[in-house]
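Should a chain be cited, it is by its letter among A, B, C, D, E and F, assigned in written order, with residues numbered from 1 in that chain.
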């Protein structure tokens, strides 16, 4: 038999993961949690949305269930299904159902990628009914006070064919994330990689330049995560050009000219080898 | 074993949910109910369609089965299916079948999102036959006098690829909803959020301005639900700009310029911070 | 165990449902029935096709099996399938197979909506072989003299992507329906709704005007069914404008200007309120 | 248990169905049968392809298995599959496999409608290997001398997206059918309907005129089958205009103007009523 | 229980099927076999690719497993799957797995028609790993020295949407086939049909003319297979025009003008009747 | 029962496969491995990506699980599923899960071909959580220090409809591969094929010329793998033109003119026959 309690993510444990606030996001999260309002977080790749939710879940002492949404995610993947096990059929809760049962936080990352039936399952949970009907098992769960639904998406990379319908969007209190200021970002890079702060400041400054480059065709700008990767490589003794190429240039693009342009800017920052 | 009686929504209980009528909608609903005519409700997101149906179901003392329709909703999701349980196959009624059996009200929200086979299942229930053939289980249910079918959709956000076929539409008595007048809307906001009435009137006035904005590219206008969210945040002590940003601006759009325009109008209403 | 005999529609019972003929359709139906020829009925939404078939089935004393076709209707839905029940697999006849076995009438409404494999199942039943091969169960049914196949579709609302292939169409004797004359339609409205005849004549006259409106963009004209709905609302004491709005205007369109135009014509008929 | 022997079509019985040859088609069929060559028959709807195959199968004393192909026909529908019956899985031959086992004739009507995997199953049967590998059951059947594969399609109504690949087409000896001459067609109409010959000649003459109409937009011309339907209605006492409308006009088109044009030509033939 | 050994094709038997080489193809095949290199054969329909592989398999004394690829062919069709049989699940090898286990030759005809997951299954078998991982059964087969993979496609009839990815193509030693010279083709026709050689030379000459026709819109030219069909019909006493029409004209096209043009050329060869 | 330990690829064994480094790729791989960072390798077909990963896995003494991605690869193919075996359902780990459990390296080749749900499964493994939630089995695996995820794709042949989303790409340290210099490539050809070095140098020089050809329309340039094939054929005594045609020309293209152009260049290199 499977012990569901082992499936909870470690966010429910005592340790609160490091998070550096940049505005009123913590207060807004707590108000939404207290009032039973669902929350939508918007923001670019790798800017810290997932970490923020882990941080708040730990602070509020609630178990966290994170689901990365995708094209083939169905409602049953969230709510649960019957599985045949040892000749018997057993109902197996999905992560959303588990979060509702135990009064946890369910975080659906990149919600716009999910199929339409997924967003519709959320509707009765996101109005004043706060219920989760499980048609298959014949149960009707009422969400406890502590249950909270958090979703996110990246407005800068929204699929044209995919967007949240207004009838879904208008069910969420919303907040918009962006990358932190260079000073805060350097602080984050240092905390995560262990690289000495002067080099972290250099990286954060470089990031700001890279993000404001004109006339460069990049699908998305460099994330805080990649800066941490670069810091990690530097700390391991790779020379700056090699570290930047592997962590900042190649992950961002394939076009040789664009890569060359990025490298030149990077060399100008670190001093050409 | 599963107890079907527990799956009924709380609308069947004694308490009648708050609903503030704005026209002859209650009389029309009751006539349709008495004469066994199916009802179609049209109206924008968050204007109170679901609440109206909950209210009428409670007033008429009928259990309510609400289904949010979507792309992958099949006829079997409504009518029922055989499930394997403990080595035996058992027929499990879907919400439509349960409503027919017990003489309840079945409410299909956003019916245009459902697959075509769903609307066709409704045909024999929506003419003078009033029957529900369950091919799979070999049953033919005749709907009792008290059974009523209610469907809804949002004409302002209809998918080009999706619409009700005339052969389905012409089976329903229909009613068109819109947002209430500012006075009535303020009353609703106050009742739902507990915010003092002067601030609610301010919010309702703001909503009217936001809904009649020219030259602003919004997929849909602000709903009564979002106004209640905003009121809830205000009541929790968030300052007006933060509350409006989280509840009125971010849920409506992603475009920075449009967001800026909305914020300016909001600040003009609440007094710039 | 399931008793198949209970699945037959009430049309097989003694009562012959009301039907008001408008031409030679009854004679043609009877000849086709006698000669074993399949019949195709063409006509707009809500003009009485289904009622006509129910009427003829009752007159001829044959059980009727009606199937509303749709995108996901497969051949197995018509012919039958094996179902697991109580550990045993049992063959469950579909409505077409039941009609063939008992010499009944099988009526496939909106046949063009069905998937291609459905129309092909009909081929051996619609030539001089008159057989139904059930590959899955290994049976080959020969249709008795009394079996008749009737199909229908609406040529005014044919999906561009969907039409009957000539190789299917040319297997049916065909008949084209239209709305009845105002005098006959008033008679039908009165018989169905119980509204006094003068008001029914007014409604039938109104319908004729609405159906011949120029420059109005409606997907389909008002059906006899909607006129009966309107008569029912009037009989329940709703005022004419409200009844016409709910039963004649809102079910036909969503566009505010078109709705306004229809309302003006209606008011001109009933006398403006 | 199911007795496969009962699934054979009646063509295997003693009676040879009526067929009126129009060229060397019988000799060609017999040579192909004797030499083990597969045969492809091309021709319009309702010109007698199916009847021809039934006739030849009876003449050669071989059981006939006819399959009407369609979009969803899979290879397993032809070859067979395992079915769960009474707790045991049993292999159930499909019609192609049955024809191979018993040395019968398998006729695939409208082969271009079938899915690609179907035509590929035919490949090892249509070269000098003459084998049918049943991967699922682990059998490899060698077709006996008497097995013959016949396929057909209608070149005048070929789906743009569907056609036989050259690698499939070049595996068949082929023959092209057309409608018979008026004299022969009148003979066929009389034999099938029992209508006196003078009227049959009138119908055959009318058919020829209808088939050569210029400037008329018909998907396909009138078939011999429809002429037999018309003759049957006439024999039942319907007046010529009604019979022609039901059997020749309505089955061919929906457009009012085209229908009017056809009716005028028909009236000119039968004498206007 | 099923005896897999009976599923091998007869090519593994003692008799070597007739094949007339036209270049160094036999030497290349043997070298690839000896060195464990996979082989790709390109060439038009009916030019003898399948026969060549059968011939080589017999010469090398290896069992041959031929699979005709198509749209719906999945990896599991090649590698195998679990089947329920008599209450037990049994693993059933697919043809590729059987060929790997016994050191046989697996020939995938028209590989470009297969689904993408099929070509990917081939990757670990077509580099120096020469392994076949069976994820489902948990086995990892190492191909023995004698295993060889052969694939083919027709470059003249490649689907625009389908082609071998370079990452697959560059894994095969490749060879391009074309039709043989008239002298060799006549030899082949005589050997296969038993028609006297002078007539076979006439047919081979005709084929060459047909293949070089200008301004004729044919999807593909006449194959050696069709010439053998024509020879077979001639040997059975059909007159040349009838034989050529049934075996060379109708299998190639549907267009009346093109057919007429081909017939004229044929009559000019055989002498007009 | 199945012994999972036998499914590991031979890369886990003592022998380190031959790999000739061309830059700092080995150091970068080792740093990423030590720091728990996932790695993305970009490069053309047949340039040695797979061999490099096999080499590094062997050097680091970790078992390697390689998966060739494709259109139909689902998340369950990577993580595992329940299988029915002998009446019992057993969980069967997929290759990714096995790699996580045993601290191995999982290499997903051509990751852009996989379905979206696959890349999403990788997300919690590629940030600082380093977890693999198995919703189906109810397990939450924490990846051990030694687990490493490596993915690759070919930027020169990226499907327009397929690309890694930035939110996935920015999770990998990346490295770009190209073909080696002629001197190194000759060394590789000699090591792999056993052909004497002078001829290998000739082949490597030829390759460089072929890769820089202007005005030749090839989907992709010649790979090191094909050069090794050509060397193998030469070593078996085929003459240079035949070997080059079979190993360098036919695998690259179908167009007769392009093939002729390539052959001329090849003959100029080897000396015309």
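The rule we apply is simple: a residue touches a chain if its C-beta (ideal position, glycine included) is under 8 Å from a C-beta of that chain, and two chains touch if they have at least 3 such contacts.
The chain lineup, named per UniProt: A, B, C, D, E, F = CbbQ/NirQ/NorQ/GpvN family protein.
Treat the numbers as computed from the prediction; the structure is a model and nothing was measured.
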item	value
Count of contact steps on the shortest path from chain D to chain F	2
Centroid-based (C-alpha) most distant chain relative to chain A	D
Superposition rotation for chain D onto chain E, Cα-based, multiple of 5°	60
Identity of the chain that, by mean CA position, is farthest from chain E	B
Homomeric contact chain C-chain D: same or different residue positions, threshold half	different
Mean-CA-position distance for chain B and chain A (Å)	30
Chain B-chain F separation of Cα centroids, rounded to whole Å	52
Inter-centroid spacing, chain D versus chain A (mean Cα positions, whole Å)	61
Of all residues in chain C, the ones touching two or more other chains	84, 87
Sequence of touching chains round the ring, chain D onward through chain E	D, E, F, A, B, C
Residues of chain A defined as touching chain F within the complex	2-4, 6-10, 45-46, 50, 66, 68-73, 77, 83-87, 92, 94-95, 109-110, 113, 154, 157, 192, 219-220, 222-223, 225-226, 229, 232-233, 236, 238, 242, 246-247, 250-252, 254
Chain D residues within the chain E interface of the complex	24, 27-28, 31, 34-35, 37, 40, 42, 74-75, 82, 84, 87-89, 115-117, 119-121, 123-124, 127-129, 131, 133, 135-140, 155, 158, 165-167, 169-176
